[in-house]
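Structure provided below as structure tokens; questions to follow.
Labels A, B, C, D, E and F are assigned to the chains in the order they are written; within every chain, residues are numbered from 1.
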Amino acid sequence: MADDTEPMTRFPVPDIEELPEDIQDRIEEESERAGFTPNVFPAIGYRPQQARAFIDYHDALLEETDLEREEIEMIIVAVSGVNDCLYCIVAHGALLRIYAEDPMLAEQVASNHRTAEINDAHRAMLDFAVKLTEDPAAVEDEDIERVMDHGFSRKAIWDIGNVTAFYNLSNRMAHLADMRPNEEFYTLGRD
Amino acid sequence: MADDTEPMTRFPVPDIEELPEDIQDRIEEESERAGFTPNVFPAIGYRPQQARAFIDYHDALLEETDLEREEIEMIIVAVSGVNDCLYCIVAHGALLRIYAEDPMLAEQVASNHRTAEINDAHRAMLDFAVKLTEDPAAVEDEDIERVMDHGFSRKAIWDIGNVTAFYNLSNRMAHLADMRPNEEFYTLGRD
Amino acid sequence: MADDTEPMTRFPVPDIEELPEDIQDRIEEESERAGFTPNVFPAIGYRPQQARAFIDYHDALLEETDLEREEIEMIIVAVSGVNDCLYCIVAHGALLRIYAEDPMLAEQVASNHRTAEINDAHRAMLDFAVKLTEDPAAVEDEDIERVMDHGFSRKAIWDIGNVTAFYNLSNRMAHLADMRPNEEFYTLGRD
Amino acid sequence: MADDTEPMTRFPVPDIEELPEDIQDRIEEESERAGFTPNVFPAIGYRPQQARAFIDYHDALLEETDLEREEIEMIIVAVSGVNDCLYCIVAHGALLRIYAEDPMLAEQVASNHRTAEINDAHRAMLDFAVKLTEDPAAVEDEDIERVMDHGFSRKAIWDIGNVTAFYNLSNRMAHLADMRPNEEFYTLGRD
Amino acid sequence: MADDTEPMTRFPVPDIEELPEDIQDRIEEESERAGFTPNVFPAIGYRPQQARAFIDYHDALLEETDLEREEIEMIIVAVSGVNDCLYCIVAHGALLRIYAEDPMLAEQVASNHRTAEINDAHRAMLDFAVKLTEDPAAVEDEDIERVMDHGFSRKAIWDIGNVTAFYNLSNRMAHLADMRPNEEFYTLGRD
Amino acid sequence: MADDTEPMTRFPVPDIEELPEDIQDRIEEESERAGFTPNVFPAIGYRPQQARAFIDYHDALLEETDLEREEIEMIIVAVSGVNDCLYCIVAHGALLRIYAEDPMLAEQVASNHRTAEINDAHRAMLDFAVKLTEDPAAVEDEDIERVMDHGFSRKAIWDIGNVTAFYNLSNRMAHLADMRPNEEFYTLGRD
């Protein structure tokens, strides 16, 4: 592959072949789907047991959810924009373009979700995700009710919250390691 | 049990007996160790698959680590203090008192780690955890070197970072759900 | 006395016997009531005339007031939580537990008054105290009316404001001197 | 008197003649010195015992001090500038012009002490006062040493700290009451 | 001229006679009107073509506008107060005193527009200017409607916005160069 | 043209043909160069005289400068990233990709200039631009010296400052009007 972006700069990147087999399989699966190996996988492999937990948490949020995939990616991009996380803005920006079938939505959500071209329900959803990111101690019952008024179930609120929380974790891991998005992510879903 | 604190106020608390068996077992194990069931377990059971991932992530951080348990609890209390998270300050404050064998350390670290009675290495460790919490995009190579200068391995830096990241997740889940610490946690380890 | 916590670390602690007699008397009185000498007294004795003014201000706020003592301690703990002041969180946290007869209230108010188990009037009172602490220039007529709507008199508003203002002073003196709470305060009122 | 500025807008202003005699005397003394009655005195008279404590605290800071009066006013104006307090900026700005014999210093210190035309020692003194105002929990031993390196005694550090702390109190009382400076203060010391 | 304040400290101040003639003419015009040469003119002359653009932008805002001159100066002083810009607070404070014929308004608006003695329409206008200064990405349709409800035209909103934006530019140029207001500005319009 | 993005949502967009002829000519020139009419031009045409000043200011910064065009675009993207300005991030992100001949640089600089793949001189340049954006009153002589140590002339410092200042203006105009970048900008310079 032409891409020679280093997955991260602050920790040695492990050889995928030396990772535990279940993690290798999981990475291969993702690589086949994407056509390349997203840099986050070799990067987090630095600590294999922690990596397995990271991947499983990510998968649980996609599998046990009342949210559409497009909504999940919207939340991730908004949260990562607030946290100024290059890796997640670029990689999940690509996924958002693909799942929302909208080549301009990623930049809009990453820079300022308030003026993004989204419906009112998604605006309320992102207001909540951004508040839980920026000022979590200030979240109150009314914030939750405001999102539910737009048709989200109580379980969906939890899911919005947990996606937000997990990317507050992920953004910090990416900043810690200085993770670099693969070149492919910058252009995926733009046409 | 004498304690009738509700585990959380914003979502219905599931019956532990209706959770998947592996999670029941895991909760039972924790309950036996503590002498009571920490409220976080029934609370996160609201979304069982996500709960399993949450518990596994927590366990991975304790098992695959270059840090002492006392150091991990110190980080958790400092991060939770910055994020104003009642549940984690009180529950992990108790654990910090126990593991550090110091009845006054929890309040010191939760309110202002800069003046806590800890050694220079732990001060540097907490400076890093607090920066990664408050301003993750500003973390630079020098911040990492400063902590390593105090004798922490590069792997330990990753571990400090991941504990910090995970409690940025946990604090947000506790704020989302308005989780309430068990009465027992307030007094554990005070004598 | 078993407690060997230094009252402060950044200024020499004066001998109480060398302080002016009226201050010695006042300290003795407090020590008898508490069963020990709260560290703030020897600490502020570093500048005796200023110390006298400090004690008198404190006393005036307790004597000329439309507030219950429990309410005053609630305000102090909330303000000190915002200002991350170890001495005041621990010492007045003990007083709050005692006056409110609630062993769990101090941590709740210190970490996040919004989710503390208090009534609506006290929530409004603490919202006001926290706003006057964090963003005093933004206080407006409506903020005052909102608290009065909960039954507080106009004089009580002034008293809330002055307690808040005085602990914005006290918290800064404690940070300046690095005052350390007596060991006794950590456990007082917990049972 | 030509000036008809109301001393404050949010609480009823008491008649000076109905205040306790010692406070009346103290106000008269100030009025004679200034040539008019500074609005803060009738304003704080709303709660006479608290007012007495306020005046005594103020006096203690002027009497028991290692600082020059000009330095004290400099600190007050810098702190009040950070806290956006109209009353104290205007009233103590006038005093600063008078004591420093400099008609342009007040605006310089109130808007941005970093570029005010003051010597290095006063710059260090104001850096410290501003840090103790904005981020008191971050004050460390080094901050104190940095000011002492400019020739301030340890007692002077305490005095700088207490003046800073007291005007963090005063600024909040002025914001609470919406105190208005007398018209005279705007022009005093300008020629 | 008696005033010997240096126009700026961080860049060499050009001789006015060496500036392009059209700029010299423009400066002479301003100097005649004011009775002295405002320091901003020689200062920005450091880069003549940029200076011409700066002056023309300023002039366009005064000529093509739905705002009164008094309103423009009010906005400038409020924005400069938020940005702590000595030059603009003092120079435009003088203009505000003159155009509003109010010797006390400048300090009120510069320190805290919320309690300045202005009408409700001007309060709404300044709320908008301050929000666009402090948190521009949070401006929403409702903010604009709120100002229009007070009788401002849509074109006036644009003008408020552009004056605000231009002084966010000017304040930064003044901070960059450490521009110093002429002594005259401190007292103009005070009687 | 396929692109039907509205140039802005909060003000009526003028017909270019009804603008003053010199502005029409200037817009035509830009449109020919780009192959489409950047939305900023019709948008700012809402106030033609102000628009002329805006365009002239922009041109002056490109013509009278010690900076490379690539450096100017880098500063614009960094500043616009801090200010969360969609229009400028996307439009000038395209220009940065083109002038720097680097398809990945825009996202790096917009999200976090600290980890962008740029040389040390450009890092120092952007540190300065970001500080002047976020905390202009804190800029000091040392900040300027730090950039000059990397080989920038004093005139270049002024130019960095004025580009930064002008985009603090432009970002606010774009937020005011809710300007929307043309679809073309999202993909320009990506291959």
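Here is the rule we go by: contacts are C-beta pairs under 8 Å (C-beta built on N, C-alpha and C of every residue); 3 or more make two chains touch, one makes a residue touch a chain.
Worth saying up front: this structure is predicted, and the values here are computed from it rather than measured.
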| item | value |
| --- | --- |
| Required steps from chain C to chain F (each step between touching chains, minimum) | 2 |
| Joint neighbours of chain E and chain D, given as chain labels | C, F |
| Same or different contact residues where chain B meets its copy chain A, judged by the half mark | same |
| Option reproducing the contacts of D-E, where over half of them reappear, out of A-C, C-D or A-F | A-F |
| Degree value of the rotation bringing chain A onto chain C, based on Cα positions, nearest 5 | 120 |
| Of B-F and A-F, whichever chain pair has more C-beta contact pairs | A-F |
| Whole-Å gap separating chain A and chain D, where each centre is the average of the chain's CA atoms | 51 |
| Whole-Å gap between the CA centroids of chain E and chain F | 23 |
| Gap in Å, rounded to a whole number, between the CA centres of chain E and chain C | 44 |
| Of all residues in chain A, the ones touching two or more other chains | 84-85, 111-112, 137 |
| Category of the chain touch graph - line, ring, star, complete, other | other |
| Pairs of chains, among all present, that meet the touch criterion | A-B, A-C, A-E, A-F, B-C, B-D, B-F, C-D, C-E, D-E, D-F, E-F |
| Touch list for chain A against partner chain F, complex | 81, 84-86, 89-90, 103-104, 107-108, 110-112, 115, 178, 181, 183, 186-187, 190-191 |
| Residues of chain D defined as touching chain C within the complex | 10-12, 46-50, 52-54, 56-57, 59-61, 63-64, 83-85, 132-133, 136-137, 139, 141, 144, 154-155, 157-159, 161-162, 164-166, 168-173, 175-177 |
| Residue ranges of chain F in contact with chain D within the complex | 137-138, 140 |
| In the complex with chain D, residue positions of chain B that touch it | 111-112, 114 |
